[in-house]
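The structures come next, written out as structure tokens.
Each of the next two complexes has chain A plus one other chain: chain B in the first, chain C in the second.
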Partner chain A sequence: MTSNAFDDWADRDALVPPEPVISVRGLTHRFGAGCDRCIQLTGESAGTNRCSVCGTVVAVYDASFEVGPHEVLGVVGESGSGKTTLLRCLHLDLRPESGSIRVGGHPLQRSAVMMVHQNALAAGLYPRLAAESNVAERLLGRGARAFAEIHDRTTELLGELGLRPERHTDALMTFSGGMQQRVQLARALVDPPTVLLLDEPTTGLDPSVQADLLDVVQRVTQSLESASIVVSHDLAAVRVLASRIIVLHHGRIVEEGISEQVLEDPQHPYTQLLVSSRLT
Partner chain B sequence: MTGTTAAEIVVTGLCKRFAPRETVLDGVQLTARSGGLSLVLGEPGSGKSTLARCLSGVYRPDAGDVTYRLGGRGEVTLTASDARTVAWLRTHHIASFDGHLAAAPRLSVGAAAARAARCSRSSAIAALRRFHVAHLASVPIGRLRASDRLTVALAAALLAERPFVVLDEPEACADPQHLTRWLHRLADGGAAVVATGGLDSPLASIATAVGELRRGGIEWRKR
Partner chain C sequence: MNRKATVAALAAEHGRPQAYAYLDEDTKRNVRRAILKALAIPGWQVPFASREMPVARGWGSGGLQVTLSLVGPADTVKVIDQGDDLSSNAVGMRNLITSSARCDATTSTTEATIIQSRHRIPELDLRADQLLVLQVPHPEPLRRVVPDDVAALRHHADRDYTPAWLDLYDAEACLGGPRTGADHPVLVDGSRLMSPSPIPRYDVLRLDNRPHPILLGAGRRARLTALPPFTRVQPLAFDDRPLAPERADGPCRRCGSTTSYRVPSDGRWCCSDVDACRVRHEAAAP
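== the complex of A and B ==
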């Protein structure tokens, strides 16, 4: 028996998972003034998330889930199902109408969460600055001051994420989407967040870049102690990255399970449709 | 492996139905204990893979319980647990082989096996060597033939050396001699092993319990 493998399970003294890093309870967010019948007139039975009385969109209703350390939760669903609203609530870009988001028992703080966006501008990166400057900026923000130390660390991080050294000094705007996401991940590694959010990490990239990026994202999420939440349309990517999946439809979580379970034995009719619509 | 942490897998009244087909599993009973290999044989289509997937948490049974016990560390009934607990068990306590390894397609075979088993790359390559696929260690996993990919998935599952092992027809993907030796080693280390196989499975010679899956139930020949 290899000691490595033995230690891996022998050191875990419980058959149940540790306390979650992030705990979301009853998260609800509506766009619009709302009325008494919004909840009743939307959702699965109504077949829409738009209230037919007042026009309010119930983007997310009563979402509850937990994510533990080193764990990756996948969120899937069609466009308009509430994925982005959920992510924006978790990133505190939107203040949820009701429900709670707690980290370690306390309300979520912005400093505890980081989002890797589909595009660099949305992530607050500087397109005219070099890749290494974008990473260095985060190091400076964390108190690093020695030039050599900052340079060495940025070179190391960008190298770890597969960016060739000759590109480190190139302006970010000359980078492809996949490379820009690597720079965002390098920034995440500077000061690992408690909660890492990944918004469609492989969408809009060509298949070969997607494949490379999947490897990078998996390496980063497994190395961090963070709770990671990945939102994607790409079921194959979610299967590689996430151990669990929640399925959103009309703003409601309609199914939750381990990735293999949701993708191979879907229970909800919408999940069955989603899974059967995959290109093979 | 065990000492004070004897492992046990207990299955009671397991039923699984795939609409609109008839019932595949109907009241399956099974107990696998530390140091033993419980082998479930069956004709193609008898429900062996369904059973393996119910045991490893991939399929949700329609009825019955699958319980994992680990000595003084307690027990978890998989079928009554939330998804987070099932994911935790699969990551840290259950080694399962029931299909392809989900991995980034550009990842090398050695790295993918190491990542899946949570061990070093050198251990992973040693494991691949035992199944005569070490020469594939640096090949991206997305370029493997389906049969080689299954062999890599099996090596990764066995390499993980968890206290609970669930294997679906492993003999189809590995040299029987090496597989037998490896399973012996796992059982000697205290793992509770459940495997499925064809009616002429070479694992029958080392199994501590052998049953045949017929019409949804297991008829035990040797216990």
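== the complex of A and C ==
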């Protein structure tokens, strides 16, 4: 009897890559009426994402990527490179012109995705209500009607994210940017989404708060079964959070790879510029 | 000129002898159609063509139009303002109704066939043949939490009252109880959120399964709401935090009641519903 070479493997399934949680194929979105030459006249070769004929901005063109379970994908690029448009398409705030977004093999549903916005007050949170109430809204929307249960759950979530109990009933508008981000994360944890989107989670925060928040975000993304996508200008933050990175330039993905690889050995000239211009 | 015939006489002088009870017949028909529709969908806000009335909008013009659309010469009308028959607002509207409809007026709850009220539900039990009309300043229960009318309509259409629950949760978490001193929102038939008019919580808890119809008129907002007899009406409250009525620190100084809704008066407490207090006082007298 010949022994099978695979018998020594303890877990054969471990070698099979997991099914991606979210799969994006050929995502394109333009702002403007568009013309036949928009695609040719924009991009890397043209040095712009604005069509010189019709003025249309090709915000994202032919973006394709996949994110697996427990994986965090970082999206970096300069202002106007299409990062936020990409995120808004994934959040279904914008209907992409073409391409497909599939979650677990099915077309993306709004309920499967949740975004942690850069500006918490623009994220639909209630500045005049208590932090606890902002988290409780998600539970109330799902039909919870027992005050004690809702209170216990919100207190637990806010505590996990490092908010002191005496601040739970303070109005959200009295919170700092970092604390508001934590409240948003607590809302996300009420009903963990399949895809978590983080838009510039550390922008506008001082370095000590950034480090603290990065620690919280890392804990949250690792604890979730879901896929996470982080958009940031801050390469240091992306290096800490993301296992893979895609680099956007003029609406196109110009480089993609493992974080360390892309940041240590960038191949594309724009990525080299981005990495070399990082303040140290 | 006979004071009781003033409006009818003026109407006749201008070739409109049919104008009975201040409003013309078309207006009354419009209001009655809205009332029928409101009764068919309990707790739903039904728009109607609110007319200019001889009281300012927000001072009972909606309740007045409902009463004048339904009143007949055989009716006996009672008008109360915060439980009192003799406040200037109540007296003015009672005089307008009785003079224009040539009907009787009373201060007795049991004798009245139509009771128009502001801020209170009479404490004496009403019969099935009596009609309660409530004056409503703001018929939209989501007004404080959803400032946009169109968004509020969408919430009603979806039966999604999360903003109201959220407001209640925030008040419970921060203040230990609801923010609403009066006008606490209610769920009609377990599904439609309704503003019960600024009645105290004591009265909100008495809205459930009443044997008589209740009509709520908001003239400024041109909306009618209705509760047919034996409608299930529950205040918006968490399962483990039921709505509690207001508390008074002492018995009524007139009738001695400890269960009525009482308001402070000259350092002591007295019943808000004057007629109910009178009945209790007379029953207790030797």
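The definition used in the following text is that the second predicted complex is superposed on the first by the 267 of 280 C-alpha atoms of A that agree within 3 Å, B and C clash if a C-alpha of one lies under 4 Å from a C-alpha of the other, contacts with A are read in each partner's own complex, and residues count from 1 in each chain.
What we mean here is this: contacts are C-beta pairs under 8 Å (C-beta built on N, C-alpha and C of every residue); 3 or more make two chains touch, one makes a residue touch a chain.
Since the structure is predicted, the reported quantities are computational estimates derived from the model, not experimental observations.
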Touch count on chain A, higher of chain B and chain C: B
Partner chain(s) touched by A:A148 [first = chain B, second = chain C, both, neither]: second
Touched partner set for A:T203, first chain B, second chain C, both or neither: neither
Contacts of A:Q222 with chain B and chain C, given as first, second, both or neither: first
Partner chain in contact with A:E71 - chain B first, chain C second, else both or neither: first
Partner chain in contact with A:Q261 - chain B first, chain C second, else both or neither: first
Touched partner set for A:A136, first chain B, second chain C, both or neither: second
Partner chain(s) touched by A:T169 [first = chain B, second = chain C, both, neither]: second
In the complex, chain C residues that touch chain A: 160, 162, 165-166, 169-170, 172-174, 238-241
Residue numbers on chain A that touch chain C, as the complex places them: 126, 129-130, 132-133, 136-137, 140-141, 145-148, 150-151, 168-169
In the complex, chain B residues that touch chain A: 1, 5, 53, 57-60, 68, 70, 73-76, 83-93, 102-107, 115, 117-120, 123, 142, 159-163, 185, 189
Chain A residues touching chain B - in the complex, by the definition given at the top: 1-2, 4-6, 8-10, 12-17, 20, 66, 68, 71, 208, 211-212, 214-215, 218, 222, 239-240, 243-244, 256-261, 264-265, 267
